[in-house]
Amino acid sequence: MTLASPLLLNQLTASGVAALLTLAALAILTVRGPRGSQLIYGACALICAALACLGLCSLFSPRAGIAIVELPVGLPLGRTQLGLDPLSAAFVAIINIAAAIVSGYAVGYGTHASEPRRVVPFYPAFIAGMNLVLLAQDAFSFLVGWEAMSLASWALVVSDHHSAENRRAGLIYIVMATAGALTLLFAFGLLAAHGGGYAFSEMRPATNSAVGAAVLFLALIGAGSKAGLVPLHAWLPLAHPAAPSHVSALMSGVMTKVAVYGFVRIVFDLAGPPAWWWNIPVLIIAGLTAFLGVLYALMEHDLKRLLAYHTVENIGIIFIGLGLALAFRASGLGAAGALALVAAIFHVLNHSLFKSLLFLGSGAVLNATGERDMEHLGGLIHRMPVTAVAFLCGCIAISALPPFNGFASEWLTFQAILLSPQLPQWIPRLLIPAVGATLACSAALAATCFVKAFGITFLGRPRATAAAAARETDRWSLTAMLIFAILCLLAGVVPGAVMDALAPVSKMLLGAQLAPQLTQPWLRIVPIAPERSAYNGLLVFAMIVIAAAATAFVVRRFASHAMRRSPAWDCGFPDASPATEYTAGSFAQPIRRVFGSVVFRAQERVEMPKPGDTGAARAYVEIHDTLWEAFYAPVIRVVEAITERLNRLQFLTIRNYLTIVFAALVLLLIVVGTGR
Amino acid sequence: MTGLDTDIAHLLAGAMVLVSFLLLYQDRMFALLNVFAVHACVLAFSVGWQAYLQRAPHLFITALIALLFKGVAIPVALHRIVVRLGIHREIETVVSIGPTMLFGIVLVGLSIVVMLPLTQAEGAFVREDLAFALAVVLLGFLMMVTRGNAVSQVIGFMSLENGLVLAATGARGMPLVVEISVGFSVLIAFFVVGIFLFRIRERFDTVDLRALDMSRGESA
Amino acid sequence: MMRNWLTQLAQAVLVLGLAPLLSGVTRKIKARLLRRRGPSVIQPYRDLLKLIRKETVVAENASWLYRLAPYLIFAATWVAATLVPTFATGLWFGAAADLIVIVALLGTARFLLALAGLDVGTSFGGIGSSREMMFATLAEPAMLMVVFTLALFAGSTELSSISAYMTGAGVVLSISLALALVALIIVSIGENARIPVDNPATHLELTMVHEAMILEYSGRHLAVIEAAAFLKLLLYLSLIACVFTPWGTASAAAGAVSYGVGFAAYLIKLGVLAFLLVLFETAIAKMRVFRVPDFLGVALMLGLLATILLFVSKVSR
Amino acid sequence: MSLAPGMAALIGLLGAPALGALVLVATRNYRLGAALNVSFSAVTLLSAAMLYWYRPEPTLYLLVDDVNTVFLIVGALVGLSTSAFSAGYIAHELQARRLRPRDLRFYHALYQLLMFAMNVALVSNNIGLMWVAIEVATLTTVVMVGIYRTNAALEAAWKYFILGSVGIALALFGTILVYLAAEEHLGQGTAAMAWSRIAAHSASFDPALLNLSFIFLLLGYGTKVGLVPVHAWLPDAHAEGPTPISAVLSGLLLNVALFALLRFKLIMAGNSAVIAPGPMMVSMGLLSLGFAGFMIFRRRDIKRMFAYSSIEHMGIITMAFGLGGPLANFAGLLHMAMHSLTKSSIFFGVGYISQLEGTQQIADIRGLTQSAPLLGWLLVVGVIAIAGLPPFGVFTSEFLLVTSTFSRIPWLAMLLGLGLIVAFSAMMLRLHGLAFGATDQRFALPAYRLAPMALQLALVAAAGIYLPGPVVTWFRHVASLLG
C-alpha cells in the first residue's frame, strides 16, 4: 500500500530530527526541575513514535529509487542529502520504537535525576544524532550524525561526573568512539576517491575489489568498535552502565544497532560485490564476540555491566548473521543470503526490545534499592512484582527460549547455518559449523547467565537492607517495561510479520527475498520449504498455555487443596541468615572452573585458619581481563613511555634549543647540498 | 668592474671567515671582545668597498653603523658589563675549542658545497662571496651553540648577523639594506640591554643561560 | 488433516500415559540387575497419585514463580514430547516445530526449573541450579550439533522428514551418524540426571543436582515436576528410537494396521533402549561433579566432529 | 581629489593601528585606553572587511589579493574580540596587582603596534618589508610576554627573544638569497623584491639558490609558526604572557608567519627545477602534529597545554598546504581560519579560569562545569571544537583533509589520523580533569564578559554547519591560487 510520497515521508522524517534538536535547545534553556524534564521526555516519546510510524510507512511504500531531500547546509564542497531507503527505513522504525518507549519510561524515571540539566538536553540530541545517521545519504552528514551520537552519549555518560569511575568510562568511550569515526572517515575517503563524490549515490559505482576489501576492514574496525565487537568492546561495559539507566537502555539497545546499520550500509550497500573470503574475518570475530561476551557477562556481579556484556554477545550473534549473508551473497545464493540477513536484522529488532527492557528493569531496581551489585540484592520479586514479571520476560527472551522473540531470530540463524553446505569454498564450510557450535554454546551460557541475573536479583531472600526496603517503581516505568515485554512476546509469536516487513531490505541489498510468510497456514514461518523446516511460535505458545492450564485444572480438580506455609526445609538444617544463600559469585563458580581458568586466568584461593583458630576462612577469586591486558594495556604503556621520553624536551636550556635549530639547519643544508 | 676590485671584495669576505675562526678560537673574554671588534671593522671595510663598487652611497651608512656601533660601542659596553658582572674569567665552553674548530671547518666546506651548483651566470665571485657569508653565518651560529655564556653568545649572534650584512651588501642593489642593518642594531641593543637588565634587577646571579633556565614554567 | 489431528492427540495422551511406566520399567530392570526384587512397574503411578493427594508445603518466602513453575515446566516438556513421532510420523503438530524447537522447549523447562530452585533462597537450591545450568551449557550445544548432523543428512530439521529419510533408501552407514548417536546418548544421560552424571535415586546432598533443585517441593507441585521428569526420559528414548531405529514406524497416511504395528514396534524399542540404559548405568560409577564437563564435552566434540565431517564431505541437498 | 575606496580601506587598515599606538602611549587612563583599543581594532576590522569588496592597486610595496584578504579579515576579527576580552581581563589584573597602570599604557600601545606590524606583513608585496614587519611584530610580542616581569615571564620572553632573533636572522638570509635569484632576471632594486614580480618570473630563476633560500625561510619563518623542531619558544611564551597575548599569538602571529611561508612556497612552486617544498612542509607538519600530541599528555599548566595544541594545529595546516591541491588547500585555509577563532576563544576562557581559580596548574582546577557552569561548558565546547568534532568548522576541514589525503597517500593519512587521535585523547584526558569532578567552589562571572568567547564559538559552529556560498567560492579560488 502506498501511504504518502516517499519524498514527503523523508521530509517529515528530517523535520522530526530537526524537532528533536530544537527540543534539545529548548531543554538547555528551560529545564530546571522534574516538571520540565517530564515535558521534554514526553515530547521525545511522541516524536519518536511519529518517526517510527514514518519509518514503517516508507518501509511499506513501494518505491523506485530513493527520494533525496537536499539541504544547502553541511559540507562546503557538497550538499547534505537525506533520505530513507528500505534499509534505513527499517532501522528508523526499529530504533524509534525502542526510543519512544524508553522516553516514556524516562517520563517517570527521569525525575530522579539529581542534576537534570546534565541529562535532559543531551537526550533528544542523542536520539536526533542516531536518526541523522540513518537518514544520511552522504558521507559527511553520516559522520556528523555519528559523532553527534557519540558526543551526546558521552555527555550523558559523564552526567554523573562526581565518580572518577564514570569520568574514566567517559574518557575511554569518547576516545575509542573518535578513533572508530576516524577509520570510517578513511573508508569514506577511499570510496569517495573512487566514486568521485561524498554522496552515497556517487560512491556505489566504485566497485573495485581491492578498495572493497580495504573498506570492509575499515568498516569492521570503525563500525565494529561502536557496536562492541571483540576486542574493540572495551569501552562498552564501562560506558553503558555509567549513564542513567534510560540512557543505558538507549546506548545498549539502540545505539549499537545504529553501528550495525553503519556496517551494513558500508559493506553491503557501498563496498560493492563481496569477495568470497570477506565472510571469514567477520565470522571469526563475530563468533569470538558472542562467546567471550557472554563469558565476561557470567563473571560480572554488577547488574548493568552484566547486561552491557550481553550486548557484546548479541552483537556477535547479529554479525554471525551478517557474515553468513556475505558468504551466501558472494556465492550468488540469494535466497540463503536473504535468510541470513533477515535473521540478523530480526535479531537487531529483538535485541533492541529485550535489552532495552532489561536495562529499564535494572534502572527500576537501581532506583528502588540504590544497588547495582547483585550480591546485595535478592527477593525483589516480592516487593517489585510487576518489574519482576517484565524482567523475567526479558530474561527468557534474551536466553533465546521459545516462545519469545530471541528464539525466533536465533532459529532463523541456525537455519541459515544449515544452508552453508551449499557454499563452494572449503574454508567457510569448515568455519561455519564451528561458528554454529559457538552460537549454540553462547545461547546456553546466556541462559545460565540470566538464571543467575534473575535468580540472584529477584528471587531468594534479600541480601542487604536496601533490597529488603525496596518499593515498586512508578507507573510510567512499569507501563514502558510491560509494553516491551508484550512486544518481545509478539515478535516471538508472529515472527512472520517481521520477516515480511524486512523483505524489502533483503531485496534492496541482495536482490533476493524470502517467500511471504504471513500467507502460511497458522502463521507459521517457513524460511525455505515446509518439509525442510518450519516454526510456529503462535502454536507453541498456545500449546504451552493450554497444556499448563489443563494440567493446572486437572491437578486442582483431583488434588488435595490443603496447603501450608512453613520455613524452608533445606535438608533439615535451614539457616535463617541470607548469607548462606547462593551468591552470584558462587552461582558462576562452576562456569568459572570450566571456562574461566583458560579465558580469564581465574584462580581460587582458600585461606584456612590454623586448627583451633576460630578466625573465619577466606576464599579469594582472582580474575584477569585478559583482553584488556592483551590489547589495551600495552598501548597505554607505549604512550606513557613515549611521553616520558619526549617530555624532557620541555626542560632544555635555551642553548640546547639553539643546538636543535642549528642541527636542523645543517641537516637541511646537507640534504640540499647532496641533493643531486 | 675590474678583476682587482672584485678580488679585494673577495679578500675582505675571506678575511671575515678567518676572523670568525679567530672568534671561535678565543678563550678569554676580553680577547674575544677585541677580536669581535676586528670582525666588525673588517665588515665595515668590506661594506664600504661594496658601496664604492656599486656606487651606492647609502651603503656607507651601513658601513658606518658597523664601524661605530659594532666596532666600538658594543664592545665597550660589553667590556663594562663583563667587568661589572665579574665574568672576565675563562669562557666556559660547552664543546672544547679543538672539536669546535674542526666542526667549523666542516661548516665552511659545507657552505661552499651548497653554493657550488649555482649557475655560472651569477659570476664566480658573487657565488664565493655568498659561500663566505654563509660560512660566517654558520660559524656565528656555531659559536652561539658552543658557548655557555651570554656575552659570548651575543658576540656569536653579532658575528652571525655580520655575515648577513655581508651577504646583503654583496647582493647588488639590494634595497632596504640600511634599514635592515639598523633593525639588527636595535635587536642587538635589546640583547645587550637584556643581559644588563637581568643583572641589575638581580633576578639572576649570573647571566649564564643555564642559570637563566632555572625558573621553569612547570618545574619538571 | 483430520487424521493427523487425531494421531497427534493420541500421541499426546500416549506419551503422558507411558512416561511413568517407562520409569517404572527402568527401575524394575535396575533392581533385577542388582539382584533386588524392586518395586512393581506401576509404582510411579502410585507415587504420583499419593503426592497429589498429600498436603502441599510451601516455603515461607516462596514467590508466585515457585508455585507457577511446575505447571510451566510440565507443559513445556509435554509439548516437546508430543513433537516426537512415536508410533507414527507426519504428526500434524510436527509441521509447526522442528528438532531445534524441541531442544529449546526443554531449555525453557530447565530455565524455569533452575529459577524455581533459586526461589526459596536455600543453599541447596543454589547448588542444584548452578550445576544444572553448567551441565546444560555443554549438553545443549552438543544436542544442537547432533541436530545439525541429522539435519544435514536429511536436509531438514523436521523429525518426520528425518525419520522418513532414515527409513528411505538414501541412508548410508556413515561415521558421522555413529558419532551423532554416541553424542545423543551421552546428552540424554546427562539431561535425564542418570548415572554417571547424576543419581536420580540419591538424597546425599552434596552429590545431587536435579534433586537439589526440587528439594523444597512437595505435594502436587512435586508430582507435576516428577511427571515432567518421566516425560523427559521418554522423550529422549523415543527420540533415539525415532531417528536411529525408525523401522516399523507408521507413515502419516497409513492405515490402522500399520499404526498397530508401529505401536508395537515403538514399545519394543522403548523396552530395549531402557534395558541398555540401565545396563550402562549399573555398569559404571557416578562421577565427581567437575568430571562431568569432560564427559559432556566429549559429546560436544563428537557432535561438532560429526557435523564438520558432513560439511566437508557432503554436497548440499 | 576623491580617494578610491580600496585605497581608503588600506589606509584605514594600516593607519588605524599606527595612530592607535601613538594615541595610546599618550593615554594615562587605562579604562579609556581599553575603550580606545577596542575602537581602533574595530576600525581595523571595518577596513579589512572593506578590502573584501574593494582592492587598491598593487604597488611594488603593497599588494592586496584574495589570499591575504582572508588572513587580514580573520586577523582583524580575532584582534577585535581579543581587545574586547582584554578590556575585562586587565581590569582584574590591576586589582590583583599583577600589572600597574603604567604597564597598561605600554600594553595597549604595543597591542596596536602589533596589529600594525602584522597588517603590514600581510599586505606587503615587498619581501624585505614583510621581513621587517614580522621582526617588529616579534619584538613587540617579546616585550608583552615579559610584561609581568616574574622570573618565569622574563625567562620565557628571553627564550622567545633569542630563538626569535635567530629565526629572524635565518629568514633574512633566505630573503637575501631570493633577492639574488630574482636580481639577475628582474634587475637590481625594489623590482627584484616585489613578491608579485618574483612569483611571476620564478620559473627562470636559479633553482639552487631557491632551494637554499627555502631552507632558511622554512626554518626562519617556521620558528614563528612554531613548527617542530624550532617551536621551543612557543609554549612558554603562551604560558607566561598575559592571556590576551596568548590569544593573539595563537590566533594571529602564527598565521602571519605561515602566510609568509606560503608566499615563498608559491615562489618555489613556480619553478619546476627546484626540489618540491611540499614534502618538507608535510614532514615538518606531521612532526609538529605528533610531537605536540604526545607533549599535551604531561602538561601541568593549562595555557601551555593549549599552546601545544596550537603547535599541533599549525602542523596540520602546514601539512595541508604542503600537500597542495585544491581540496587540501581549501581544508588548510578553512582550518587556519577555524583554528584562529577557536583557539583564541579557548584562551579567553582559560584566562578567566586562571583568574578565578588563581592558578594555571591543571591539577588544582576541577569541576568547572559545576563551579562556573557557563564558563565550564563553553570550555568543553571549545575543546570539542578544537578537537575536530562536529558540528564545528574544524571537523569540516579535518574531514576534507583526511579523506583527500587517504585517497592520495593512505599511509600519510594513517599517520595524520594517528597524530590526531593521540592529540585528541590527550586533550580529552585533561578536559575530564578540568571540567568535571566534585568541587565545592562557586564562581560568579558576569555572562557578558563571556560574550567574545561565546560569539566566536558560535561562529565556528555556524561555519561547521553552513558555510555561505560566497565564502566557499572565495576560499576555493584562494585554494586554486595556492596551487
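The chains carry the letters A, B, C and D, assigned in the order they are written, with residues numbered from 1 in each.
In the analysis below, contacts are C-beta pairs under 8 Å (C-beta built on N, C-alpha and C of every residue); 3 or more make two chains touch, one makes a residue touch a chain.
Predicted, not measured: the structure shown is a model, and the values here were computed from it.
Set against the Cα centre of subunit A, the chain with the most distant centre is B. The most central chain, judged by C-alpha centres against the centre of all protein C-alpha atoms, is A. Of the two chain pairs examined here, A-C and A-D, the one linked by more C-beta pairs in contact is A-C. Look at where the CA atoms of subunit C average out and do the same for subunit D: the two points lie 78 Å apart.
Rounded to whole angstrom, the centroid-to-centroid distance between subunit A and subunit C, based on C-alpha atoms, equals 35 Å. Centres computed as Cα averages put subunit A at a distance of 44 Å from subunit D. We define each chain's centre as the mean of its Cα atoms; on that basis subunit B and subunit D are separated by 31 Å. In subunit D, the residues touching two or more other chains are 158, 162, 166, 212, 235.
Of all residues in subunit A, those touching 2 or more other chains are 647, 650, 652, 654, 658, 665, 669, 672, listed in ascending order.
The residues of subunit C never reach two or more other chains; the list is empty. Every pair of chains in contact is given here: A-B, A-C, A-D, B-D.
Contact residues on subunit C toward subunit A in their complex (touch as defined above): 52-61, 63-65, 71-72, 74-76, 78-79, 82, 93, 95-98, 100-101, 104-105, 107-108, 110-111, 114-115, 118-127, 129-131, 133-134, 136-141, 144-145, 148, 151-152, 155-158, 161, 205, 215-216, 219-220, 223-224, 289-290, 293, 300, 303-304, 307-308, 310-312, 314-317.
Every residue of subunit D that touches subunit A in the complex is listed here, in rising order: 158-159, 162-163, 166-167, 170, 211-212, 215-216, 218-219, 223, 229-230, 232-233, 235, 275, 280, 291, 294-295, 297-298, 327, 330, 334, 367, 369-370, 384, 387, 389-391, 395-396, 399-400, 402-408, 410, 413-414, 417, 420-422, 424-425, 428-429, 432, 435-438, 465-467, 472, 475-476.
The touching residues of subunit A, counted against subunit D in their complex, run 72-77, 118, 139-140, 143-144, 147-148, 151, 158, 161-162, 164, 167, 170-171, 174-175, 178-179, 182-183, 185-186, 188-190, 192-194, 198, 639, 642-644, 646-647, 649-650, 652, 654, 657-658, 660-661, 664-665, 668-669, 672, 675. Chain contact summary for the complex, subunit A toward subunit B: residues 647-648, 650-655, 658-659, 662, 665-666, 669-670, 672-674, 676. Those residues of subunit A that touch subunit C in the complex are listed here as 378-379, 381-382, 385, 388, 392, 396, 399-402, 407, 411, 414-415, 417-422, 426, 429-430, 432-434, 436-437, 440-441, 443-445, 447-448, 450-452, 454-456, 459-461, 522, 524, 530-536, 539-540, 543-545, 547-548, 551-552, 555, 558-560, 562-571, 574-575, 578, 580-582, 586-591, 593-594.
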